[in-house]
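After the structure tokens below, expect a handful of questions from me.
Per-chain numbering from 1; labels A, B, C and D assigned in written order.
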Amino acid sequence: MSPAGGVPVGETGMAGAGLDPESIPPEERARLPKPPERGPIGSTLIAIRDGNALTTILAVVIALVVGAILIAATNPTVQSTAGYFFARPTDMLSAIWACVSGSYLALFQGGVYDFSQANPLVALQSLGHSIGFATPLIAAGLGIAVAFRSGVFNIGGQGQVLMGAAFAGYVGFTWDGPPIITLIVAVLFGLLGGGLLAGLVGVLKARTGANEVIVTIMLNYVVYYLLDFALQTPLLQDPKSVNPISPPENANAIFFNVLPAEYHVNIGFVLAIAATFACSWLLSRSSIGFKMRAVGENARAARVAGIEVDRVFTAAMVISGVLVGFAGVYQVLGTTTTGFTSGVDAGIGFNAITVALLGRSRPWGVFWAGILFGVFQAGGYTMQAAQNVDINAVQVVQSVIVLFIAAPPLVRWIFRLPQPKGVVA
Amino acid sequence: ATSSASKSTFLPCVVGDVGGFNDHSFNELSLEGVQAAAKQIGTTAKKVQSQTSTDYAPAFASLVAQKCNSIVAAGFQFGDPLVASAKANPKIDYVMIDNTTTPELPNVKDVVFKTSEAAFLGGYAAAAYADSVSKTPAVATYGGQKFPTVTIFMDGVADGVAYYNTQKKKSVKLLGWNVKSQNGSFVGNFTDQNKSKQIASGFLDQGANVIIPVAGSLYQGAYKAIGSGDAVLEGVDADVFQSDATVKDKILTSIVKKVDLAAQTATSLAASGKFDNSTYIGDLKNGGVALAPFHDYESKVPSSLSSELDTIKAGIIDGSITVDSPAATTLK
Amino acid sequence: MTATTTEPAATATTTKGVSYKTPIALGAFALLAILLFVVFGRDGVSTFSFAQSGTVALPDVRFPVRGTGVVVAVIAVLLAVVAAALVRLRGASSRWLVVVFALALVVGFLAWATAGQRLPIIGLLTGSLALAAPLIFGALGGVVSERVGVVNIAIEGQLLAGAFVSAVLASVTKNLFVGLVGAVIAGTLVSFVLAALSIKYVVNQVIVGVVLNVLVLGLTTFLYQSVLIPATDTLNQPPTFSNLPIPGLSLIPVLGPLLFDQSIVTYLMIIAVFVVWIGLTRTRWGLRLRAVGEHPQAADTVGINVARTRFWNVALAGAIVGLGGAYFTLGSVGAFSQNITSGAGYIALAAVIFGRWDPLRASAAGLLFGFASQVANILGIVGSPVPSDILLTLPYVVTIVAVAGLVGRVRGPAAAGRPYVKG
Amino acid sequence: MRLELSGITKAFGALVANDHIDLTVEPGEIHCLLGENGAGKSTLMNILYGLLRADSGEIRLDGVAQHFTGPGDAMRAGIGMVHQHFMLIPVFTVAENLMLGHEQTKAGFLDLPAARARVQEISARFGFDLDPDALVEDLPVGVQQRVEIVKALSRDAKVLVFDEPTAVLTPQETDELIAIMRQLRDAGTAIVFITHKLREVREVADRITVVRLGKVVGEAEPTASNAELASLMVGRSVELTVQRAPSTGGDVGLQVAGLSVLDAAGQIVVDDVDFVVRRGEILAIAGVQGNGQTELTEALLGLQDDVRGTITLDGRDITGASVRQVLDAGVGFVPEDRQEDALVAEFSIAENLMLDRSDGAPFVKGGAVQRRDLESFATATVKEFDVRAQGIDTHVGRLSGGNQQKVVLARELSRDLRLFVAAQPTRGLDVGSIEFVHERIVATRDEGVPVIVISTELDEVAALADRIAVMYRGRIVGIVPGDTSRDVLGLMMAGELPDDVRTAA
């Protein structure tokens, strides 16, 4: 995680309901990176220097403690030993230790490195799984972040993921073309799908002033039900199934693995890394990115400076939708290649908001936030299976971690840490 | 495939779909079945619930890593991920509920249900009851979402009501589902109780005497819509009279689909090394689907109903009465 | 053009400046009406039934569908033309015109969709209110919170927490009012987290809101499965509020059952709408709240404690939304079940913006959404030709169209979303 | 009430904004605080008013030490303040703004009639004309400033602070305010008055304290000359009037004919205006704030939606052109509100310098920002325009107002211009900064660019204008030579064109 890079900024169009330069607390302000934006390594170094890495680690520690309480409190062994705590307290304490340590070990083994495996290459497969979860989150998170930086709040991730999935999936199962070409066409169609839907929002906002928060929320539902409908018609439904599920994707449309198959790391992840670089370039080096940030920070000044604000809004939405659409593409061509349903968005649209904000709307911040979420998701299954921890408890622990990471002042207060150096006020 | 596993070390497992293990439906029932089997064997089952409808593969992978000997999965979306996992782990026995998988693997057992057969009885019983309490009798059904596992109930109910009408020359109305156009009334999800309640109220406004919500636990909303009124409910999946005491005073009967029994049987077979990959089709004949007893309504339904239902059941079993459901076309 | 040709501005025609958005929107709808009601017109008679038990029933109204369709289409076209003319002459169209247009179209659509069927109007309206109630509570909480300057994305979480706690407390104590108090406390607690993190620790308000929703969903589902399910009898079997008809008033046709034969929660909602509205506009509380949401520094300079004002009003917002949560359980179905709110909080959030941060308008937006949902329900019930999935999109499409066609650009509280950090 | 500040120290991080400041204000005295931008005047007053907490030092009122935790305490102790930036709620009415914080209620509801009466009573006492029910956002800034003043007066403060209230007032309004201050002083109120306008200081001050870099550098006599005061403030001698040769009067650069502008509500805000600006001349547009000047400049820039008439630049019709096209046609623009309209506070100086050249050469090639070009340009420009900042990466929001204005000027003047429009270019700036800005504007003119300067400040108009157009209610009352007397201009600003005035159209 690298929260080194400032905070998301810009009028969100929820009529100020968002993130404004003013919203940056003084101590954050002082830590705002000086443009140019740095790459991943640079910002990590800065993070350590400024003590951000420390607060992040401490945030995770607190969250894990909170999670431990939850895990222990609901563990049947702990509950039964609690009955005779005063008679033999060691029983309960060891039960707590067993379930808590077991759960977190499981999380680590399932999400990062399975040290129960003798072969380190096999042990690393866990990380591969996490990357599989992280890839669409990174892409969608980038999309949300780009919109944010431009002052638009895109809550329409769900709809855009579904569009991306449906468009790419459609090409992938209808067209059995040559290798690579098929994949490229399918991906491009998926990006088109996401871009079209988000572009519609942008155009509505530019033309009628319709608030994008409302429109994107509503479009999520509309797209969901329309996709569900289409999945019951010959357009998308697998003729071999009565269920609302699409046919499987053709082999040439599927993301090929870049590591041995057991790692489940495919070209999609490489594309996500490329997208991160691209977004980083877009926001910090490109002309359109410059305009987007200008509009996001101060739309009035941007307009006076000859920047066509409405066009930038629309462009930002389209770029955002394309990136979020890629998450959908990944879902059908990388994750569930055997046919998709209306649940193919897998909650990515909403998780991506958290990922984007957690990454402070900086491309590399989003990248690491996405990886963190991926680890949680992959590890969550092992936690469930190994320690019988409820999936919902895993979700609670995740949320708590995010809240603490997002609140460095709170973490510093808990640990009575001094303010980072060079901070005003 | 697993014959060497001794009883104490056998590890039965179950994967749940996103609805969760408390959906009052297939997830809950498959968990119950596996747990019952585990108890018999003398072990405890492991369970994993998918967080989203695309990460089924990791769910399987996590159970494989736990060294499960059998894995039961319920939900149509599990099909291909299950096959992939089964191919990679030929030593583990897989049970696929509510879906048929291809290709046929030696370690995968499909379990499907001719739910429409039981629903036919349910529709007939509902029509008979409605006819006995009202001059303008009507039976209503609605679904959570338009999945075949849902509409197969609605098809059966519709056929049952129609059969009643032709047999008795009556005109009991069926609301909420049109078999021909395969269109009807749906909540849009399986969680919005308030909306379920409003839909049920709408059916009551239309004069419904019996309501059959095919929507997991959303019958609770319908129960509240009826309130102190005279209308009654029919449950689906489990015998709701028994599974949910809070609503039992309004449960006429239930259209039972014994996912639990199937999961339990298949798990036990795997534990005892007698697992086979033949598809299990739960129907009226083998008791895989059934109409639950009327319980407290025994005395309130027409006295001839029980025998009529027996006759129809026999007719369905011997093929003289056919139940059509587009949703059932893949059930060989 | 030269100076001499420039007309006195008031009478000159312009293309910029005045907006033809409304006439264009109306025109599009008029076209749609022609297409649906005339081209794809249906035969038969649609019966709007006003039947209701216990009161003076109004007679049924019967619409010959094809004729009604044609009439409505003609009215729609005429009104669209009038709207265009008004814009041309006066620079703006009339709000009443839009209302009449919408009413005509709704009647036309309902008649078309229920050809040969009976449409229970009372059920349509009471159902709309029932579906809208939690949205209205949510929207009121959203309005209070955002007007004081804190963006409340956590409405969904507050609703869910309220629903959960009220069900449990009412079950344990067998007392509905304890349940209501519990809902208020639960919503407030969620708000405390939002308020503390966003006001004291200046965490981004949107992030806290989004994460709180996930957190509360996870927590309630977890507790539901691990605690409530095993002990349904004692923990999750609350009584529900029964309707309290107001003597006399409840007998009024249509309005009686709609407004005066409701449960306490619904009465509370109606009261809350007016209290928040009057409070915001007419009281010291409202004045200070709005000042803090618009220009916190200015409020500070007149001695208003910005942080405290924000904190307690966000808490209050949570309390109101919590009541909405109780509507799901105590006011509607009793028992809690997982994710019982099913996204209502996000719809309420949209209603806040749609309603331009005004309690009355936001409530109206909630009602519109409830109405559109209930229309979709009833059409599904009476058996409409529209596929169910398409019907389900109705309320969402209606909202988008209304926002794009009629509402347009909205301006929220100037300081919403910005933490106030003193120098 | 006697106010004593002693040893007040306040640091923002490494920056010491107030360094052991001592200040005494006697009852019945108008005490002027003078100092350049960022000297720490507002900081000191904000500490007095309880908005900021001093790191050390003491505030005493009539000898009693005070411990303010917030403005509420200060107000209760009898301190009132008119803030440098408006502290009004734009969407509230005048009455609501007045009552905020000490609302009277009747049966739980706001007692609006009482608040209205209070507005009317105070306005009447000081000869204002305020509509209690007008929304503040609809009022011209001058009137908003009156609302601020009424707000401060309504609590009968014994110590009153005026932090740059005259920056947005017309001469007449300033005179009214000065009269009020005198009236209050005579009634025994202690008054602190901050302004950058030396004329006002000398007119009204009983005592003058000069602050520089956070420290009191001395007291000055009200009899001191402008030049003395200025050099005390800035620490060097300042040219108070720019040297400029008479206009050479070249070809017509800009021609505006029959220009009218309608606002969103359809009201005419600029009414049938005609004028020309020649190359190498400065046309000043004078007038009381809110008489259409803002809209006129915005119309020139393509920022207004509803514009009739023609605008011709170098023979090319640019009526109805987009902002982009207008800028590309060579128009440089300094908007009135630099923070809202000209700068992106969170952007660095360098980024702000390319804000209106975000497409194409010289900073963008192939869609990519040419950072090296931008950096070298920014470094050179910052040096040329003497922007005081740590570096070109400093966020503009952290610069003082004067330096912010220099960034805007630098950006606009470093393009190849065919027209330069500057609105209120020196609002709120200290004398040192004003000197600099004026020099640059004159230099631009001397390069042969037609220049329009919009100013409500007659000193500025007099210092810069070759010709003066006076606007009143959207119309141009008349165009007169640059040396027209203040009295005549004053009359014109009230809408009258004396018969004997030479026009210079």
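Heads up, the rule we're going with is that a residue touches a chain if its C-beta (ideal position, glycine included) is under 8 Å from a C-beta of that chain, and two chains touch if they have at least 3 such contacts.
These numbers come from a predicted model, not from an experiment.
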Checklist entry - Which two chains have the most C-beta pairs in contact? => result A-C
Next on the checklist: So, comparing C-alpha centroids, which chain is the farthest one from chain A?
Outcome noted: D
Next on the checklist: What's the distance between the Cα centroids of chain B and chain C, rounded to whole Å?
Outcome noted: 36
Checklist entry - Centre to centre, by mean C-alpha position, how many angstrom separate chain C and chain D? => result 44
Checklist outcome for this item: Between the Cα centroids of chain A and chain C the separation in whole angstrom comes to 30
Checklist entry - Do you know which chain C residues sit against two or more other chains? => result 221, 225, 387, 389, 392, 414, 423
Checklist entry - Counting only residues that touch at least 2 other chains, which ones in chain A make the list? => result 225, 228, 232, 395, 425
Next on the checklist: Multi-chain contacts only, two chains or more: what residues does chain D have there?
Outcome noted: 12
Checklist outcome for this item: Pairwise touch list, complete, is A-B, A-C, A-D, B-C, C-D
Item to check | chain B residues within the chain A interface of the complex | outcome: 13, 18, 46-49, 51-59, 61-63, 65-66, 76-77, 79-81, 84, 99, 145-148, 188, 326-330
Next on the checklist: Under the definition above, what is the set of chain A residues touching chain C in their complex?
Outcome noted: 7-8, 12, 14-20, 22-23, 25-26, 28, 70, 74, 153, 155, 204, 207-211, 213-215, 217-219, 221-222, 225-226, 228-229, 232, 350, 353-354, 357-358, 390, 392-396, 398-400, 402-403, 406-407, 409-410, 413, 425
Checklist outcome for this item: The residues of chain D that touch chain C in their complex are 12, 46, 49, 51-52, 70-73, 75, 81, 83, 86-92, 96, 99-103, 105, 108-110, 151, 257-258, 260, 262, 264, 266, 268, 271-272, 274, 305-306, 308-310, 319
Next on the checklist: Show me the residue ranges of chain C that touch chain A in the complex, using the header's touch definition.
Outcome noted: 21, 146, 151, 193, 197, 201-208, 210-212, 214-215, 217-219, 221-222, 225-226, 343, 346-347, 349-350, 353-354, 357, 387, 389-390, 392-393, 396-397, 399-400, 403-405, 407-419, 421, 423
Checklist entry - What does chain A use to touch chain D in their complex? => result 9, 21, 24, 30, 32, 34-36, 281, 285-288, 290-291, 293-294, 297-298, 300-308, 422-425
